[in-house]
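Structure below; questions to follow.
To keep things simple, chains are lettered A, B, C, D, E, F, G, H, I, J, K and L as they appear, and every chain counts its residues starting from 1.
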Amino acid sequence: MYVVKSPLADADLKIVSEALQGALVDLVDLSLVAKQIHWNIVGPRFRSIHLQLDEVVASARTHSDTVAERASALGVPPDGRAGTVASSSGIGATPAGWIKDGDAVRVMVDALGAVITRMREWVDATGEPDPVSQDIFIGITADLEKHHWMFQAENA
Amino acid sequence: MYVVKSPLADADLKIVSEALQGALVDLVDLSLVAKQIHWNIVGPRFRSIHLQLDEVVASARTHSDTVAERASALGVPPDGRAGTVASSSGIGATPAGWIKDGDAVRVMVDALGAVITRMREWVDATGEPDPVSQDIFIGITADLEKHHWMFQAENA
Amino acid sequence: MYVVKSPLADADLKIVSEALQGALVDLVDLSLVAKQIHWNIVGPRFRSIHLQLDEVVASARTHSDTVAERASALGVPPDGRAGTVASSSGIGATPAGWIKDGDAVRVMVDALGAVITRMREWVDATGEPDPVSQDIFIGITADLEKHHWMFQAENA
Amino acid sequence: MYVVKSPLADADLKIVSEALQGALVDLVDLSLVAKQIHWNIVGPRFRSIHLQLDEVVASARTHSDTVAERASALGVPPDGRAGTVASSSGIGATPAGWIKDGDAVRVMVDALGAVITRMREWVDATGEPDPVSQDIFIGITADLEKHHWMFQAENA
Amino acid sequence: MYVVKSPLADADLKIVSEALQGALVDLVDLSLVAKQIHWNIVGPRFRSIHLQLDEVVASARTHSDTVAERASALGVPPDGRAGTVASSSGIGATPAGWIKDGDAVRVMVDALGAVITRMREWVDATGEPDPVSQDIFIGITADLEKHHWMFQAENA
Amino acid sequence: MYVVKSPLADADLKIVSEALQGALVDLVDLSLVAKQIHWNIVGPRFRSIHLQLDEVVASARTHSDTVAERASALGVPPDGRAGTVASSSGIGATPAGWIKDGDAVRVMVDALGAVITRMREWVDATGEPDPVSQDIFIGITADLEKHHWMFQAENA
Amino acid sequence: MYVVKSPLADADLKIVSEALQGALVDLVDLSLVAKQIHWNIVGPRFRSIHLQLDEVVASARTHSDTVAERASALGVPPDGRAGTVASSSGIGATPAGWIKDGDAVRVMVDALGAVITRMREWVDATGEPDPVSQDIFIGITADLEKHHWMFQAENA
Amino acid sequence: MYVVKSPLADADLKIVSEALQGALVDLVDLSLVAKQIHWNIVGPRFRSIHLQLDEVVASARTHSDTVAERASALGVPPDGRAGTVASSSGIGATPAGWIKDGDAVRVMVDALGAVITRMREWVDATGEPDPVSQDIFIGITADLEKHHWMFQAENA
Amino acid sequence: MYVVKSPLADADLKIVSEALQGALVDLVDLSLVAKQIHWNIVGPRFRSIHLQLDEVVASARTHSDTVAERASALGVPPDGRAGTVASSSGIGATPAGWIKDGDAVRVMVDALGAVITRMREWVDATGEPDPVSQDIFIGITADLEKHHWMFQAENA
Amino acid sequence: MYVVKSPLADADLKIVSEALQGALVDLVDLSLVAKQIHWNIVGPRFRSIHLQLDEVVASARTHSDTVAERASALGVPPDGRAGTVASSSGIGATPAGWIKDGDAVRVMVDALGAVITRMREWVDATGEPDPVSQDIFIGITADLEKHHWMFQAENA
Amino acid sequence: MYVVKSPLADADLKIVSEALQGALVDLVDLSLVAKQIHWNIVGPRFRSIHLQLDEVVASARTHSDTVAERASALGVPPDGRAGTVASSSGIGATPAGWIKDGDAVRVMVDALGAVITRMREWVDATGEPDPVSQDIFIGITADLEKHHWMFQAENA
Amino acid sequence: MYVVKSPLADADLKIVSEALQGALVDLVDLSLVAKQIHWNIVGPRFRSIHLQLDEVVASARTHSDTVAERASALGVPPDGRAGTVASSSGIGATPAGWIKDGDAVRVMVDALGAVITRMREWVDATGEPDPVSQDIFIGITADLEKHHWMFQAENA
């Protein structure tokens, strides 16, 4: 018995739902990491990067909502709880406390890089079983790679 | 040495910064719990509560930003990382998977109730050392108690 | 048994809920009185005060909604029915029929003065039992005293 | 002597001004009743009907302003004071205290029904003496009958 | 042969098109008179009435466009040229030069009164031949009578 | 037994509900015809009329919603399904495929003309049994006759 | 000879244009079905689903415009006339008359399910001949599957 | 004695005020002529030029207000009454009745050309006595010459 | 050596920068004077002039920003500090304490008159050395003379 | 005799009005200092801090209006004239001429620090005599301490 | 060494970056060509196509920004300088001077056709090496083909 | 023969049209150069200057449209094609590839400086033959000199 009937066959659904769950966790964590740096950054570029980080937060929140609701639409309940995010995110540890602007940029370059790498794997994995989900991953990747460029350019 | 000089004496600062850090964690967790239910709720009240939950998310996100930036303004770096939230939130465990609308409302009544209890303690604790922070806690409590009433009324 | 559980102890709740019910009645009546004068004013200052009165109406409607919902949030059902307003408002009788602009301003100075006096008593009474409700009364008093000044200045 | 000169003959004016005064009282009371229920409703349909009631409040406030200013434009001072509303409204008594959602809907079906019946009588009465006022009553009736349908459909 | 085919029979069309042409001329003139006073008014109520007059201008411009396009829709070309307005308007002569605020109000009371008298005749005349045009006249009359009240109240 | 109680007597209701059902079908069809031409028009006036047609679509959609909800408000379930529209519309057959701009204008002149003729009959028929519905038909007729003039002027 | 030159070869165009024409018919019908239920739904969830249905209507109208204009852009005149919709839609018959809220939800689950099944076939069919049209089908499928989840969740 | 004291010497004021009064009359007449054509134009370019004319109306109304208020600011009461416009406008006679689109464009080319010629004379005349008024004439000329080009391009 | 290179020759720059610095001081002071009266005015015209004064404040703030940034753009650092304003403003002393509405208007007529006199001198002085700065002075003069007329008309 | 009657006793009023007058002067000066730096700052952080300073200006202007109108509402005429600001501001001297970005930040850290120190004293002083004014000081302090943190973080 | 690290392997990057650089040049040129025609078009369809061309300009500017920033995000600096555009655009020569409306449409049909042909080649080329860039090309192609249809329909 | 008749004599027109054509080319090139740097800038000031450059792009696009349409209004067809821009721009060569932030600012200082020098020559040249065009050049110069100051301040 099901609550929401999936348009996908079981094998396809397994691949796609694991990708969506992985992306959900990464994107929620990305929003929390960017907010953490937004609050703790110090240095001569404070204001500029403080504002830039809120654009990452906005992107990550929108994308996490999209992938979670996509999972629901495929009949698989998403899991974006704090404990799940803390234990399964693809982003490495973020330092606590005040952080200098140059270090802040490096943390964001690494965090975005880690999510992008996984996002590109999910683009590859989902094209066959569900081109609709793949299209969502493609759109998110384009947006994250734009943010990634901007932080790299900032520290170049 | 300090990065941001606090307008408060050390003893006062200790009380106030613990309150702000506690509130930050609770409010970030509240936003994650409300989103989790927003995605997983099922039942005849799906749409109405699905929308109501996004209003809680918006409130919790705004308030968490306010308390985190208040901590920074007092010279104390805030910590809103996923691991910190997972380990120190005042909200109890949220169930995974699809959740019926009546159960969803009960989860929110409990979560809001837990945060409100702590928020009222912080109102009491901070009035003397920092009426500015107390005023922020008072405003947040008013808003959370309004949400709390609405979810209680919903299941009455 | 209760429908909405109050965060306040019974004795505190009694004080606060009486204040909120009193404020609700006064504010609903203030909105009706200001509309009455808005429709019946005549004289060379007609347009200017006609518009000013609608700003009082907007304030009074917003504040009455705030105190009524605050009562609900504390677990006490508010009563803003016409009969209750007519019998328990703190504002004196308003004359019927066309009213000259100078008299209109005097009616508003008196009506606002009466509500402000009671509002300041509720600020005093509620600070101990519920600083959250007190903060609402403080905000309303600030707004009403601003309107009060403007009508006094008008007739000076 | 007059303050505002009426475009209507005396006999016509008597009919039309009684209709406008009646409508003013009913519409002010409708706005107060809908707000009362808006604050006191409980039950699984709380949020949906809580919001729906504020749409009735907005309609009733707009229409009461229209009919009061129409009376002024015809040279007759309108009376929308609390005491007048309490003593001459065409809407029956509204219960105090918390009210279950199904009962809330029934109260609104009855209140709207009572006002509509009188409004249709005023449409009939004013067509001859003042088609301009009649057109206002027709527009209000169309709007109230739409609200009436929606509350009936809700409890069907 | 016709350019735009009228939905009305010839006799009906004659009555309705004369009414529309008359209303067009009066409304264009009303907009010019109100602007004239808007520019030339002086006295302690300058600003208040200066602004009020622009609301009459906006009303008159909107209504003149409505009646002119209604004539076109009925297959009759409207005439709103300066010479036609100057020679056939129902509004009396407006004085040139600076005008004191009290006099300005009286000019507007008279101008609005003149247009309203004719507008009510057109309401009566068009109900039978074309209820669609009548409904437009009714709506314009309601709006002009509201402006008329406000200027009368101003000088009461 | 009824779901929504009608404010009209049975005989009156029969006349009015047939008019509303007829208008609903015509207006839904008008929106489909205008969209069809919007997509298929070619020729030097392509862009201008392509845009003009979307204004007809917007009008027709708004009006169809109004008449359908008016039927519901009178207690009669409206029927706007494709099959009903296809079989009972008052608009003649629309050609398939690309259509030259001059022909497109002629199709719209004819379609609007057909709906207006019926709309004027419903204005006449409903004035006695339900002036509220009549007022809706009058407003729709005014709008459609304005569109009708514009398309006739375009091909003059 | 052609009016609009297609960027596709003939064989590819045949596949793609059949898909677009099929989608156009389904989406126009979906908008009509959702409006039909929007007007006729009754029951305790009336208001919530009444509003939800208008979001489906808005989606379906936007998507139908997109696919019709895509057909035009490929040089193939689209056909969205009522008769074509009535005879070739992929959605099953919709019941006439008042419909209980639970039944209304089931009708929408079935209608959306039917369109989604065909939309996924068109995603598969068009990837090779025209990835531009395929991308449009993918986007529409994502949106419809989101609506589908919401209606399933509502009745779970 | 004066009402508003002029910043200009008498000789300068005479030159400038005649220019402003001339411009006021021309611009009011331009707005009336453009509206007249807006209502009476027929032909295949109906909609495009109908809309274009309303942009001329908006320009002319804004500019006439600017020059009239400039006259007032210089202490000279402006005269924009219908009779004054009819007798002293620099624009030639406008034909009554339906007007073909090509003729409509020619009327506008001529009307704009006439106003521009005078406006350029006022630019020359006012530079010495009042560069502030000259700057206003320069801005109006720029705008009118843009409209002039567009109507010439239309008929090229 | 310079920080920002001036496009003007030294002698020209001296004239223009003195004019800009003078205008900056006058405009900052004008904004402070208008706010002072805005807060202290009393009398029957209180509300009307209270609002009018905020329009002067908005104008003066915008213009002071324009002239200060113009000075920077010419390579000359502007000085708008309180002490500089207090010691070099061209506006006479403003009385402290409550001020009656008629007196308030006179204070504004004088203050605007003083600034306009100097502004017209700067228009003359800067035309040769820098027509770009002159054009800014011309625009400010036009705006201030409009305010000047309105206050004179108010007290006429 | 009084113009505006104070709701406070004389001794309380003395304390509160001195606090409000002090705050008014500081906040007006803060807006002038921030604008001065906004115009004169140079260096690699020019644009970022130039924009940040305008946010301080907006805050300071809004807060100065609030405290001045609060003084009026308590019956005490506020004094925000340039001379008063220059002679009694709590902010130290601001340097004239171009200022490097790092120095600009330090000037703002000092200016904000000075105002905050006094503002916290006024929070303490006014709690007893007038909690309404105290609440205003608390809100302003929260906002200024947020700006203070941001400028400190910028130079960390 | 790199400034921005590419997520693509070198061979893939070469293909994709050549496509992006080609698209950038074409889209910048398209915006310049459409503006050129926007300024120089004459004839009876002047206004309609003048406006239509600005929609192409807006599209082309948005798309050129997207592809340039995509190149940066892939680590390849884009080149959109005038000389590069002039020498490598895929659009043929555009005539100088006034251009008749029919010719203008033909120029746009050709220009859009040329860009679309290349865009479809880039869709094919990039699917394998970078589906993210391919998705951008697909979206641009859909938009350009819509503009292409509209200009073809205009001249049909 | 002419298409658009010029209001200027031939000799005057020659001077003015050469100035407008020169300005058009410079402004189009300025928009392309600013976009080029917007995409290629790297370094710690990346985000701040990246955003600042888009403000230059917006200015340059608006101004180029103004001067091109001014040329058309004077009867001279403007030429803003890529080849014309590449061969006749007054701005020096812009480097290809990534560019450090300090260098980026220098490129913009130089580019703006070059355009301003020519713009001031055109201000001088056009005052006599056409003060309307001169006023446009004055406005553009004011805006460009403001941008010029900001980039100089950035690198000071």
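Quick note on the criterion: a contact is a pair of C-beta atoms (placed from the backbone, for glycine too) under 8 Å apart; a residue touches a chain by one contact, two chains touch by 3 or more.
Nothing here was measured: the structure is a model prediction, and the numbers come from that model.
*Asks:* In the chain contact graph, what is the shortest path length, in steps, from chain B to chain H?
*Replies:* 3
*Asks:* With chain centres taken as the means of their Cα atoms, state the distance from chain A to chain H in Å.
*Replies:* 59
*Asks:* Once you find the CA centre of chain D and the CA centre of chain J, what distance in Å lies between them?
*Replies:* For chain D versus chain J, the centre distance works out to 49 Å.
*Asks:* How far is the middle of chain B from the middle of chain D, if each middle is the mean of its Cα atoms, in Å?
*Replies:* Going by mean C-alpha positions, chain B sits 42 Å from chain D.
*Asks:* What whole-number Å value describes the gap between the mean CA coordinates of chain B and chain J?
*Replies:* 31
*Asks:* List, in ascending order, every residue of chain H touching at least 2 other chains.
*Replies:* Within chain H, the residues that touch at least two other chains are 3-4, 42, 45, 48, 69, 72, 98, 135, 153, 156.
*Asks:* Considering every pair of chains, which are in touch?
*Replies:* After working through each pair, the chains in contact turn out to be A-B, A-G, A-J, A-K, A-L, B-C, B-D, B-G, B-J, C-D, C-E, C-I, C-J, D-E, D-F, D-G, E-F, E-H, E-I, F-G, F-H, F-K, G-K, H-I, H-K, H-L, I-J, I-L, J-L, K-L.
*Asks:* Residues of chain I touching chain C in their complex?
*Replies:* 41-48, 50, 98, 100
*Asks:* Help me check something: in the complex, which residues belonging to chain J touch chain B?
*Replies:* Residue positions touching the partner: 113, 116-117, 120, 123, 127, 134-135, 138-139, 141-142, 145-146, 148-149, 152-153, 156.
*Asks:* Where on chain B does chain J make contact in their complex?
*Replies:* 3-5, 7, 69-70, 72-75, 131-132, 135-136
*Asks:* Mind listing the chain B positions that touch chain D in their complex?
*Replies:* 45, 48-49, 51-52, 101-102, 150, 153-156
*Asks:* Chain G touches which residues of chain F in the complex?
*Replies:* The contact residues of chain F facing chain G are 3-4, 28-29, 32-33, 35-36, 39-40, 42, 64-65, 68-69, 71-72, 77-83, 85-87, 89, 94, 96-98.
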